[in-house]
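Common to both upcoming complexes is subunit A, partnered first by subunit B, then by subunit C.
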Partner chain A sequence: MRFLRMALVHARIAARQRALWAASAALCLLSLAVMVNGGMPFESGDVFDLAFFAQVLAMLPPIAYAAACTDLASSPARLGIGEVEKAAPVASVVLAAARVTGTLAVVLLPSLALLLFCGFGQLAHGNLLGPLQALAMFVLVVAPAALLAAAMSALAGAALPRAFARIAAAAAWLVVLALTSFVGVPEAGGGVHLEIASDPALQALFGLPPVLNENVAWTVAPASPLAAFASVAGRVAFAVVLLAAAGALSRARGRRR
Partner chain B sequence: MNRMLPRMAPALAAAQLMRVHSAGVAFPVALGALIALAGAAASAVAGVPWTRVASVAFMPLYSLAVGMGAVALLSGDALVELHGSTPIGVRAVWTTRLALLALAAAAGALVMFAPLHALGVVYGDIGWASALSPVGGAVALALAAYAAVAVLESPRAAAFFVVFAWMVLSFFWDPNLAGDPVLQRAVPLAVALTAAAGAWLSLGSPERACAKAVGAR
Partner chain C sequence: MFISLDHLGKDFRKKPRALDDLTLDLPSGMIGLVGPNGAGKTTLMRILCGIVAPTRGRVLADGRDLSDARTRRALKQTLGYLPQDIEPYPNLTPLEFLDYMGVLKGMGDARERRRQAGGLLERVGLADVARRRIGGFSGGMRRRVGIAQALMGSPRLLVVDEPTAGLDPEERMRFRALLASLGGERTVILSTHILDDVAQTCPYVCVLRGGRLRYDGATSGLVDAARGRTWITPPLPAPPTGAVVANAAATPEGTRYRVVADIPPAGAQPAEPTLEDGYLALVAR
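Showing the complex of A and B:
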């Protein structure tokens, strides 16, 4: 209960900045606009379109989260209130987790709202499980990606000087995207075609093809439920490790000052 | 306008150069050289056609780096009240800093473009006029960062906004106008200059400037 109350305080601090709401909503609408050539997810009954939108939401807006959240772990040391936080009767790990959770909850609300809107649109077009699928995609794909981007950003903000932290975090997230989200599909005439790989959790839950392109016939075994669980849990665990490292690094540097 | 400003301008520029020389001037030029080197190495290893397609992915990263560096250098300064209490004022200091950053960004973009153009690996290359594309993009994002920092309330919101502007520019605007660098850059530069002019007017009030991301938030 105490953790939720602390996270709510940080959420209220983040919610006061109207510019954050506007920028976050604009990023989510931009992710929707990427799909304007294919089918929009709220005017079809196919879960494939909803999954495509969820994956774009997990790839593009986190570039902004990676660039913007560099002060998540280092703000107490930078503001000089590190000693006050250490004197509190709560563990500093819990304080840091409440700060990250509260801020991310506000930043992710437009994504959740837009995904649920598309889910209800799919409900109107025949997909009876639309809203539930949208919620599941948010919890399994969008939120871990945002958490990982924010964690990378916090580590960059704690380790690097302020002028380079934002670029380094955004570049690191783009490198992670390039390495994990794209897969080379062998073409009929030789050569390799780059396609977006579908998320293992979505493959296991909703039976998606291995790449996010229905016109590609690539016979590869779909991801097993174990691989799906490992992918989601691995991302969250990696993000937690990065956040702990960022907190430890910023506390060590604050002590040296 | 401040009558002291023309006499103080060289000293003002020198002071701001000392403040931003490593991250604002040396870093963009070094990054441009690094991207050019990476492009040259890729064209030697993987061949020119593949590198030309890959340059679509690498060249916009330069303007993102310029935008992020501009947000980091223009925001969070603890001396805003001090600048506002001198006859020079907050606005002149911030505009000088922006001018230095924009010049360095343009120079770095040219350093990045010239070797890649000589090797023929720039996508949609129509000669030296294509240099307008990276130069204009970097300057537009620096201006957008200036506008964002002067109008929004925290560096986090300014970073969000600059990444959004970069995404609109690189993913939606540029690929549709790849063969026409003049139109491709005229509209974004016009929008960015308008936003920067609005920010310049807003910075005229030092009390308002101290409450925005230019200060120590």
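Showing the complex of A and C:
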């Protein structure tokens, strides 16, 4: 209960940063707009459409989180409130977790709402598991991506002046996307073109092909359940390491001040 | 709460020793902690609050050693801390911020938290802005939110670092009156550079210099450190050498200096020492 109360306060702090959730909501709508050419994910009963939308949600809105969460680890030290929090009978790791949970709960709300909307839309088109699938995609794909983007932002915020940190974190997120989201597919006449790779968790859970395009032939094998688990756990673990580093860096800088 | 420091020492990497062999029993009530910059006041307060661990020695709170994690946790539940530089979260209202501090201090009952928060805001004169965001407050109002958060959970030990720094005289008086009203029921450690604040509120004072204890005892006794060593010079063109200047008054013939020195400057007359003279006699040695 105490953790939830702390998280709620940090959610309130995040929710009052209008730019944060406004940018997040705008990028969610942009993600939906990206789907226009291929048919909206709530207009079909195909889990493939839902998965595509979830992956776009895991790629675009985190640009906003990367730019906006630079204060996540550094604000307590910068405001001096970190000293008061350290003098309270709460473990600093619990407090940091509550801060991250609260902030992410707010910024992820538009993504969750849109994904569930599409899940229920699919339910109406005959996919009885649509809402549950949407929820699973949110937990396995969208939330870890948001956590990773926020963690990168927190580390940049702890290491750099805020304005530079926002640019650096957003740029770093785009680099991560470029390196991890695409897969080369051979063309019939020779050469290779890039397609969005489907998330290993979605491949293992929903039987999706390795490439998020039903019209292209793919040569790589679909991810195993173990690879899917490793992919999700790896992203979360990497984000936790980044957040821990950001916290340590902020504390060290706070002591120097 | 009875606090005892036993040969306490603290080192930081590549820095002069912050605290050096501090042994001291602190009584309950208002305790002033004074000393020049770098004397080790903030380090001592951070150790007392369980934020940093001492390098040597130990701190006992009611006879229990703070090096034990359970004792430290128990102390933190009965502790209020106001650091020198604190900006409460600007997106929260004072009520929400105090409620958050109550949650951090382990107050489970939401109604009790709200009741205490409301009462404290009334006490620090912020009841009328209780639902306005802290971001729009003046420095003095934010400082008052700071002291209110330190009082959440009715702490038995209150540690306040430079609470009146940067406040206008009216705010300072209000703050002083508030602090003075707190000492009766708990131990309050007040660190400050403003000796007048100590003189008005603290019957007991500790003077630190270079991490070492120079004086602990009744505040009035601090004056004795400068007794027989306080002088007023005749008008001079420059401060006398080998003396600590406590004050200077310009006259048409030159400047008349109030100094603390073992040997009186030529032509100087003895003067009745003040608290400030006593402090200077201790820290300037």
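One rule holds in what follows: the second predicted complex is superposed on the first by the 248 of 257 C-alpha atoms of A that agree within 3 Å, B and C clash if a C-alpha of one lies under 4 Å from a C-alpha of the other, contacts with A are read in each partner's own complex, and residues count from 1 in each chain.
The rule is simple: a contact is a pair of C-beta atoms (placed from the backbone, for glycine too) under 8 Å apart; a residue touches a chain by one contact, two chains touch by 3 or more.
It should be emphasised that the depicted structure is a prediction, and the values quoted were computed from it without experimental measurement.
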item: First, second, both or neither for A:Gln17, with subunit B first and subunit C second; value: both
item: Which of subunit B and subunit C A:Ala87 touches, first, second, both or neither; value: second
item: Partner chain in contact with A:Cys69 - subunit B first, subunit C second, else both or neither; value: first
item: First, second, both or neither for A:Arg162, with subunit B first and subunit C second; value: first
item: Partner chain in contact with A:Leu30 - subunit B first, subunit C second, else both or neither; value: first
item: Contacts of A:Leu60 with subunit B and subunit C, given as first, second, both or neither; value: first
item: Intersection of the subunit A residues that touch subunit B with those that touch subunit C; value: 17
item: Complex contact set, residues of subunit C against subunit A; value: 46, 49-51, 73-74, 76-77, 79, 81-89, 91-92, 96, 99-101, 103-106, 108, 133, 149-150
item: Subunit B-touching residues of subunit A, taken from the complex the two chains share; value: 17, 19-20, 23-24, 26-27, 30, 33-34, 60, 63-64, 67-69, 71, 161-167, 170-171, 174
item: Interface residues, subunit B side, partner subunit A - complex; value: 22-24, 27, 61, 64-65, 68-69, 71-73, 76, 152-157, 159-164, 167-168, 171-172
item: Footprint of subunit C on subunit A - complex, ascending; value: 1-2, 5-6, 9, 12-13, 16-17, 75, 79-81, 83-90, 95
